Amino acid sequence: MMKLHFKPHGDGEPIEVAIQKTDTKDHDCYQITLADRQAHAEIESTGPGAGWLRVQGRVLPFRILKKDGMLSVWLAGKTHKLELIDRTARRSTGSTAAAKQSHLQAPMPGTVLKINATPGAAFEAHAPLVVMESMKMEMTLSAPHNGRVKDVRCKPGQLVEMGAVLVTFAEDGHGGAA
Amino acid sequence: MMKLHFKPHGDGEPIEVAIQKTDTKDHDCYQITLADRQAHAEIESTGPGAGWLRVQGRVLPFRILKKDGMLSVWLAGKTHKLELIDRTARRSTGSTAAAKQSHLQAPMPGTVLKINATPGAAFEAHAPLVVMESMKMEMTLSAPHNGRVKDVRCKPGQLVEMGAVLVTFAEDGHGGAA
Amino acid sequence: MFKRVLIANRGEIAVRIAQTLQQMGIKTVAVYSDADRRALHVQVADEAYPLPGNTSAETYLRYDKIIALAEEHGVDAIHPGYGFLSENEDFATACADARITFIGPSPDVIRDMGDKIIAKEKFVAAGVPVVPGWSGDVTIGIDALKKEAAKIGYPVLIKAAAGGGGKGMRVVPKESDLASSIEAAQREANAAFGDGCVFMEKYITRPRHVEFQIFGDSHGNVVHLFERECSIQRRHQKIIEESPSPALSPELRTKMGEAAVRAAKAIGYTNAGTVEFMVDADGHFYFLEVNTRLQVEHPVTEMITHHDLVRAQLIVAAGGKLPFTQDDLRQQGHALECRIYAEDASRGFLPSIGTLEHYVPPAGPNIRVDSGVSEGSQVTVFYDPMLSKLIVWGRNRDEAIARMDWALARYVVMGVTSNIEFLRTVLNHAEFRAGRLHTQFLDEHKITAPIAAIPDEALIAAALAGRNGVASSRSAATHDRGEASVGPWQSANAWRAF
Amino acid sequence: MFKRVLIANRGEIAVRIAQTLQQMGIKTVAVYSDADRRALHVQVADEAYPLPGNTSAETYLRYDKIIALAEEHGVDAIHPGYGFLSENEDFATACADARITFIGPSPDVIRDMGDKIIAKEKFVAAGVPVVPGWSGDVTIGIDALKKEAAKIGYPVLIKAAAGGGGKGMRVVPKESDLASSIEAAQREANAAFGDGCVFMEKYITRPRHVEFQIFGDSHGNVVHLFERECSIQRRHQKIIEESPSPALSPELRTKMGEAAVRAAKAIGYTNAGTVEFMVDADGHFYFLEVNTRLQVEHPVTEMITHHDLVRAQLIVAAGGKLPFTQDDLRQQGHALECRIYAEDASRGFLPSIGTLEHYVPPAGPNIRVDSGVSEGSQVTVFYDPMLSKLIVWGRNRDEAIARMDWALARYVVMGVTSNIEFLRTVLNHAEFRAGRLHTQFLDEHKITAPIAAIPDEALIAAALAGRNGVASSRSAATHDRGEASVGPWQSANAWRAF
């Protein structure tokens, strides 16, 4: 018996999948327990990261990819993202991001076109703070909530990487002049 | 400078290919010497066993496979088979088969249908010795030269592997009654 | 319409049938042998059930097991594909007994057309010309048979009464070969069809093989969907098919099509079928046989008519009317099909088995590949070595040939040996380009696998790929479980030693 | 006919053009940026030459370098594809100066049609209805502009005079937004086309986008190849196209086609072009603009007419007559195209970059994939994130939609996020199925990426694949050179710990 714990990417409760091999022959057959549900499943590999499942006669080709610590599973035309939770690990999963944002990040690589933020200035939720261009499309990065600018870390014309911090926000009750 | 020696599968003289890297940047560019011919070539990998060559502007996608000690190179719609000759190796290549055949082998897996050979019997070149069925097709295995049967190692109805010895031939001047 | 259809077949035809079924909103149920556990036809189905064993006799021919699975899993209808049970009267009858629709003609028609002697009689009765021949009990003895053969005139052709596909066929050039040829044909027919019954007919020199696609429904409608010329054959196995035939004038096409429909109507033909003819150098045509199933080369017809024949089979089998009338049908442009086999043309076309380490079919506008395999698939000894069919369409024959040649040159098959280079040799032969085809084309023009000199670029690729670690084997990467996979280049000592 | 043609483009269109050239026996010459060194369009060409750099401005827009390469390598003609230099009058002129044929209309026509204001005037002169609007010098000041906008009536649309593809466009619902919208549109137009000139017109609510494919030769022949409806757009970028349009009666089709041809004749149009119209709910149509190039969605027209538009472009560019007359042309069946983008519908359609770790396009009869990538390709930040176009044909619209949905459900893209699931949501929307399309369709029906609950089977697959070592990343296997590659599953400690 082997137990694995997955967390759906984004929100969602961890899910336990218990698997038990039921067959010692060539085929890989398993008894699966998933919450209160049980199923008999077979798996077969058809290539690197590719295979099919057979559950109750239904054949389900899948593809699987592990990237940036995340598992993506393509199944019947949909891609599902999962995190594998290591219940035995010492280190934290690192996926517990701060609930409130402390900065504005570049959602993808691109060029900064325009900045509507100066250190100390207050802003309202949805206010356009930075205009970027990426893949030949212009996009406006808006404030996630009301707040105040702490620091501006980019300038117009600058090429920025994905995830680059463009603007930092003052912590609640702190920051520059009104 | 690195030198490799290839032998075309089947007949053909070994060919020396000398390669010298000419570029230390990202791209893999080489100076190639092949008999009296020189060429500048670039190579790029596009996947496992796949890539393209660029020789004098011409782009040549290729696929390559090493199987049973043989290299197969697919290039521009044709597959070429090569042996890599190890000039430093101690062991022999193992590809020097006896010039005269001492036996009849199954060219592929299948079922023996009929045997026209009895130990000691003489046969002429092209005489049908064994009839096999494989992939639902009947095929006749004929004698490679004049000779005499030494031993019959299969029987009708038998399922045989590829390469199985079906009939052995007596050595020259020896063998059973005329 | 049906809700769940079982496909009693494997390989490319099972994959192709599943596509139409699924696009019609019908659930597909596959069956598979042990050897086919990882086969493509299993992966594309909605459900799949095992048929234990490997040989056809243990698996895809076991109609008792197939019908039991169909009953167990609520299947409405069974599509037999081609080969296997597709022309088996007993299977069609057993389906009817189990109240499962057999997608094909009635058991009676299958039986009659399956017996080439009866089929010939029926077509003679419908006024269709046939090849002169003799049929009867071969146990009358070799002397009597020699007399009959002499009456027909040599060369004479021995054929199996049951089945097709070149099995149980022998050409007899002269009297002294008659006895051994009859014996061999009987043996092969017995092995292939469980029926050693054979007959003789006049062997027509350099005939073209031209067949007409026919289609009937249960409301008495029968149409033809024009011809396919399938003259390029090796050991009576078609390898290149096309439509229109370069040999048919519009008048001859009309005449042959009408003959095919007339005979089909006379026997109450329903569903898809093919009437095969020989056409001699003077444009005379002779009935050969009827195939009471979807033909391997049906995509050629689909590409020139823009109708899906599997869809039409389902409509007709469900009691519907044919989705086209004779007047609706047009022959547009030119379609060509090449059958891609795992076989080694340089070794007498021996089937080649193994893993498809590289498999990249060509793609592009007006190119269709009906493939039964994908990269990593196993080609086994148990079944027919056809990997796929490559079908192209062009506005005319020259354009179709150019497209086919382009596509074949880009079709990567490695791990097993394929007939792709052989097909390109045929396609680029001046007589093929001129459309002067006949069934002895390959023998007469002594077309063999080309022996290509190794170009410098192949040596450079081999040398640089080894140097750079580009080369690797798929099976090494895929099938090693549990331990880190090492590419074959790394383990090639000689390679790294320099 | 030309002997050697350079394709001054990349991605799927470069691959698609190469196919036609090669099948016509013409050598293809590719160019490539540093980022595209491993791109598919390089691999399918006969020859390829580098354009150093990564951005479009450094590479595919550098026509001086492209013409120098063409001259150096004996090129007869250049095909510009779409985008990049395809509608650049200076490039067309420079080609003519270098005595290399530019495959497209004359520089004069490109210039006139490239300026939307001039284009509109020319079409008005030819009696084609246009949308009411205003054009002039925007530096007249915001108050004067507000007056003009009020005359037209809100909502008003701001558009860039140069270029297309949704860049430099803004809808202005009310006067208070006018100034900021004009500023944004000018900035975008300047960045995209180096020309900040914009104009205003009446914004038609819920219009359909219906365009006509036109084709002219140098002998004065101009025809249309029917319409394409491209109403399903996101930020003015087409994502689903089809033909016939569900909205056009035969009479309206004839009327619009005649208007397109009449205008094209009036301006001496040669080669392939597209006349775009808006059609309102009452069936009134208004001229939008002319695209003087092969359109992204041209395969839709190829599938319903069975003509190869690239081939026709080459014939016409070489001075030949159009290979079809208006009477030859028939609109057969129904074709649909979906554009497959590397973008994340759940994150505001942000382009997604990375390696295509798994890439398996669907295949089957009447399915065409024009792909610019293959498994292992890199999607970079430098170019448009369109991966491919999936085009299907059916006998009617329902059949085409069913086939498209089937194909999308089988299209594997992993490593970057694609819009495939979003496309399926659109395709399965009741209003889409009913053919009630307009350019605000996606916004009005609030179509967003579906959030799918994770099915048990996905969890089982993840668990068992890890257990069995099935999962592995392509990049780990491919791009590690020199050292033994270890699959990611083996290195996932948590995985093996249980």
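Every chain is named by a letter (A, B, C and D) in the order it is written, and numbering of its residues begins at 1.
Note that in this section contacts are C-beta pairs under 8 Å (C-beta built on N, C-alpha and C of every residue); 3 or more make two chains touch, one makes a residue touch a chain.
Not measured: the values here are computed from a predicted model.
> Quick one: which chains contact chain B and chain C both?
D
> Of the chain pairs A-D and A-C, which one is connected by the greater count of C-beta contacts?
Greater number of contacting C-beta pairs: A-D.
> With chain centres defined as C-alpha means, what is the inter-centre distance between chain A and chain B in Å?
The mean C-alpha positions of chain A and chain B differ by 51 Å.
> Using Cα averages as centroids, what's the distance between chain A and chain D in whole Å?
30
> Counting in whole Å, what is the centre-to-centre distance of chain A and chain C, each centre being its mean C-alpha position?
The answer is 49 Å.
> Taking each chain's centre as the mean position of its Cα atoms, how many Å separate chain C from chain D?
Here the centre of chain D sits 40 Å away from the centre of chain C.
> Which residues of chain A are in contact with two or more other chains?
45, 48
> Could you list which residues of chain D touch at least two other chains?
If we look for residues of chain D contacting two or more partner chains, we find 468, 472, 474, 477, 487.
> Can you list the chain C residues touching chain D in their complex?
By the definition above, chain C touches chain D via 16, 19, 22-25, 299, 302, 306-308, 332-333, 361, 363-365, 368-371, 395, 399, 402-403, 406, 468-469, 472, 477, 481-482, 484-487, 490.
> Which positions of chain C touch chain B when the two form their complex?
167, 184, 187-188, 191-192, 235, 347-348, 350-351, 353-354, 357-358, 360, 381, 383-385, 408-412, 414-415, 417, 420-421, 424, 452, 454-474, 477, 487-489, 492-495, 497-498
> Could you please specify the touching residues of chain A with respect to chain D in the complex?
Listed in rising order, the residues of chain A that touch chain D are 2-4, 6, 8, 12, 15, 17, 19, 28, 30, 32, 34, 37, 39, 41, 43, 45, 48-51, 53, 55, 60, 62-67, 71-80, 82, 84-86, 88-89, 107-110, 113, 133-139, 162.
> Where on chain B is chain D touching in the complex?
27, 44-48, 52, 54, 57-59, 61
> What part of chain C is in contact with chain A in the complex they form?
Chain C reaches chain A through residues 30, 37-38, 42-49, 73, 374-376, 474, 477-479.
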